[in-house]
Amino acid sequence: MTATEIRMVDAIREAMRAELAADPSVVLLGEDVSVGGPFGATKGLQDEFGAARIRDTPISEAAVMGLAVGAAAAGLRPIVEIMFMDFATLALDQLVNHAAKLRYMSGGQLSIPLTVRMQAGASGAFGAHHSQSLEAWLAHVPGLKVVAASTPADAYGLLRAAIRDPDPVVVIEHRALYWGRGPVETGEAAIVPLASAVVRRPGIDATIVSWSRMTVTALAAADLLAAEGIQAEVIDLRGLQPMDTATVLASVRRTGRAVVAHEAVGFGGLGAEVAARIGEDAFDALRAPVERVAAPFTPVPAAPDLERAFVPDAAAIAAAVRRTLARPDPRRRSLEEGR
Amino acid sequence: MTAVYADGMALGLREVLAEDPRVYLMGQYFFGLTRHRRLTVELMRDFPGRVWNPPIAEVGYAGTGIGAAISGLRPIVDIATASFIFQAWPQVVNEAANIRYMTGGQTGVPVVFHITHGIRGGGASQHSHSPQAMLMNTPGLQIISPSTARDVRGLIRAAVQSDDPVVWIDHVKLFDIEGELPDAPETIPMGVADIKRRGTDLTIVATSLQVQRSLVAAERLAAEGIQAEVVDPRTLVPLDRATILQSVGRTGRLVVVDECHRSCGVGAEIAATVAEDAFDALRAPIIRVATEDVPIPFSRTMEEAVQPTVEKIIAAAHAVMEARRPRG
Amino acid sequence: MPSTVPSGALPAPQRLPQLRTMLRIRRFEEALIDLAQAHDVGHFHVYIGQEATGVPALALLEDGDVAYSTHRNHGHLLARGVDPNAMLAEILGRATGTNGGKGGTLHLASPAHGFPTTSASVGGPLPIAVGSAFAFRELGRDRVSVALFGDGALEEGAWHEAANIAALRQLPVVFLCENNSVGAVTQQAGDYPSSTLAVGTLADLARPFGIPAAVIDGSDSDAVHAAMSDALVRARSGDGPSFIEARTVRWPGNQGIWAELVTGRVQVHYGWDAATIPDPHRAWFAEHDPVVRAVREALAAGAGRDAIAAIDADATREMAAAVAFALASPWPDADEAFANLYADPRVNALATGRRAAK
């Protein structure tokens, strides 16, 4: 099929439409999904697939998640839409204690093919209860898979893979990316494996690891750096748990320098995990500390200016890359000292 | 005097109840189902009306604790087994953690949430959680994670005196471990790590029960001639980075031992922050000893296989001692 | 007193002040909707159509009582006397806002006026309100805690747990449910939002806990005044929690996700000259708008048209000034983003570290 330029929010809907059409066991549950939800991601699906498969739910996240876990255990493939990722807090017991564990606890007898779509991120001055990026919590829970797309094509391909997956997958969508357009192919070939990082921009001087909206920011940072003659390689992680560590390590072994950029709070964030893995497995290749660029250790402030200050920008990522390049090479220095 | 950890807890609770009439205990499973549960009964007897046994409603009574804290009490809310905190999650992370910040500093929430974390033996997947890494990623909470009778007693006082929410995390396997208690009450400040054992060859940063396991490992390493320094952060938020970095600055080698799952665990943050700020001092890769990325299995052999043990700590210490990189 | 005044109803001299507060809320929300046309205000919820619930109910609170509100909080704060300048400034994220720019429309708070914090997590504040009541009881304070929430909050499990605890301990809390989805049953399928509860009458949810429950017309300020008076008496005399379901017919501008002035601005003369109400929203203004109803009631209580027009003009001017104040207010300093996480400055510095801001 030929690629057409569509918005990410439309790519998400197309992915659901494709899987709903392909598999009668796929159902969609969420608040106001019959009318498209707050951002239109599910608009029109009820007309096409009927009220039995596209179901509005009460504002009862815990019960809805539990219902979906039970439905998945009994043979359906539910897609649950959590209107804002912040509200996943209300369903966390069902996700952590049930969805993530039932295959394991039952010794492999149960399968929970559940997809949970969550819209996340800071934009639009929604404040502390509607803006969080909470992927580190979910990536910490064995049994959950977590993915996040930065392009409409990946939003399509990852969501289709998630719906087909035999285990619970959390799909994180960034609302600031919903209206961005990109080429999207719609077919089996467009499905993206869940744990597959991709090099968005090749480079030789430093590696930037990012995901979701921060990949867009990282690419802007790479443009800034290219103007200075610095060639940064930008990796879009896409799969956050499990993670394609091999692609990251291969890049860092070539460049010797790494920056991890994400929008979530830095302390205890997924960036720490990426940095720790690089430090463990590419220690000898590292010529500078792995820098983390992330949100500060505060809730998301509401004021537009404070919100902008909260979200890392391209300048911050570029500055971190420059810092890694400004480091003297410790190995070279010790060699020189040894002479 | 010598006392077990559970006695330190009970003494800490007794002291804050006696000193401050605003302190209430909401919940009564501070000691789980262990033999120490009689200590709660004694507190109920000695402080009538100050210990409330709430319904099985974690969202409801965690929120009750928050509201009570806003309106003048200093509640210690016992969520009991840490796995149950996921039921209370929206109250702990969405409400308590955010309120001071969201209100621009107008309203404080001096509440303490108590949980008992970790692999306790036969707890399986739904009674063995160590959720501290997830809580650590939540700005607005403070997290105390003591490892000795003295620390738990002193940190309880700090937690109750704080004007902001605190999650107090115990490990059930600490309850019977003996230690020294000073005669007088003391307050152990937030964000001050404690070097539990001095050493020059490598640094082991460990938390909660793993401090005790690391001390055992350090004794065995000493018998081989390897001197390990054991650093206990005591509070995860705020984290005393300076003490950790100074220790690694001296030893050049670091093992982090924590019972959270490896991915995005407490160990990841400590490893990443040391690699950032003590890069030139590091002479070997940082090794994390953590619980493997699987739910906790029930059977004893599998439980042992997935969790940090003295043997795994020793193996990690050997690995960082073998790796060689000249100092930068 | 004339015998036609229902028990607990508002004395006639208070009609005009009550109308003034209701008009101030209406003009505030209308000004905000206008402001959002020209400025990036973000998403917000307005209190239009519910003024006759919040104003008389919250007027009965006393110093030291607390109320926990929701995403639809503007009317509640104005009813308790919070400064509209600081509220609009907060909604625009300015340094002069009630929360210094860290809360925004969803979290407007003013402890000095009895609003310790405002949660935008549906159902979240219900147990917190119960907790304040718990503290009042234990501290021996004769105070009441009010949980303000919409019909949707009853869909959350938090309601069930909070109600159980309040009833078990007979706590001084009032659950004031503002059911603004009336009309939802007759709405076209797909209208947004609609209450999704299997119970026919929301107040029935309180009864199994033994919590006295009243169902009232939320656009009838006398009914609200009476029900709230009863609930507060019950709470202050140690007789435990109460539940009030105040039903209002949804303002047409609140049918979509974004509030829109589809009805145009209310005119006080709709209250004395119904013929001037334009189609197609004649029915809502004439039958359901609490402000128009309050105008009629004020007239009946002896207020003059000129007096009513004058307080309306005052309210309109006040809110125009609030808009100007908010727009002229400075943005918060970026460093403010790192303040107020913890009270203890040492802990605050240690925890925020400023590392991530580099």
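Each chain carries a letter (A, B and C) given by its place in the written order, and its residues are counted from 1.
Following the convention adopted for this analysis, a contact is a pair of C-beta atoms (placed from the backbone, for glycine too) under 8 Å apart; a residue touches a chain by one contact, two chains touch by 3 or more.
Keep in mind it's a predicted model, so treat the numbers as computed, not measured.
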item	value
Most widely separated chain from subunit C, with each centre as the mean of CA atoms	B
Chain whose Cα centroid lies nearest the overall Cα centroid	A
Inter-centroid spacing, subunit C versus subunit A (mean Cα positions, whole Å)	37
Interchain centroid distance [CA atoms averaged], subunit A/subunit B, Å	29
Separation of mean Cα positions, subunit C and subunit B [Å, integer]	41
Subunit B residues counted as touching two or more neighbouring chains	90, 94, 101-102, 139-140, 237, 239
Two or more partner chains touched - positions in subunit A	86, 89-90, 127-129, 265, 267, 292, 296-299, 301-302
Numbers and ranges of subunit C residues touching at least 2 other chains	97, 99, 101-103, 107, 119, 121, 157, 341, 351-353
Of all residues in subunit A, those that touch subunit C in their complex	32, 34-35, 38, 56-63, 86-87, 89-90, 124-130, 265-267, 292-299, 301-307, 309-310, 312, 316, 319-320
Parts of subunit C lying in touch with subunit A, wherever the complex brings them together	40-43, 90, 92-94, 97, 99, 101-107, 119-123, 152-153, 155-157, 189-190, 192-193, 196-197, 257, 331-332, 334, 336-338, 341, 351-358
Subunit A-touching residues of subunit B, taken from the complex the two chains share	83, 86-87, 89-90, 93-94, 97-98, 101-102, 124-126, 129, 133-134, 136-140, 237, 239, 260-261, 263-269, 271-273, 275-277, 279-280, 282, 284-288, 292-295, 297, 323, 325-328
Sites on subunit B touched by subunit C in the complex	22, 24, 49, 54-55, 57-73, 75, 90-91, 94-95, 99-108, 139-140, 142, 162-164, 190-191, 237-241
Residues on subunit A engaged by subunit B in the complex (per definition of touch)	86, 89-90, 92-93, 96-97, 100-101, 104-105, 127-129, 134, 136-137, 139-143, 241, 243, 264-265, 267-273, 275-276, 279-281, 283-284, 286, 288-292, 296-299, 301-302, 327-328, 330-331, 333-334
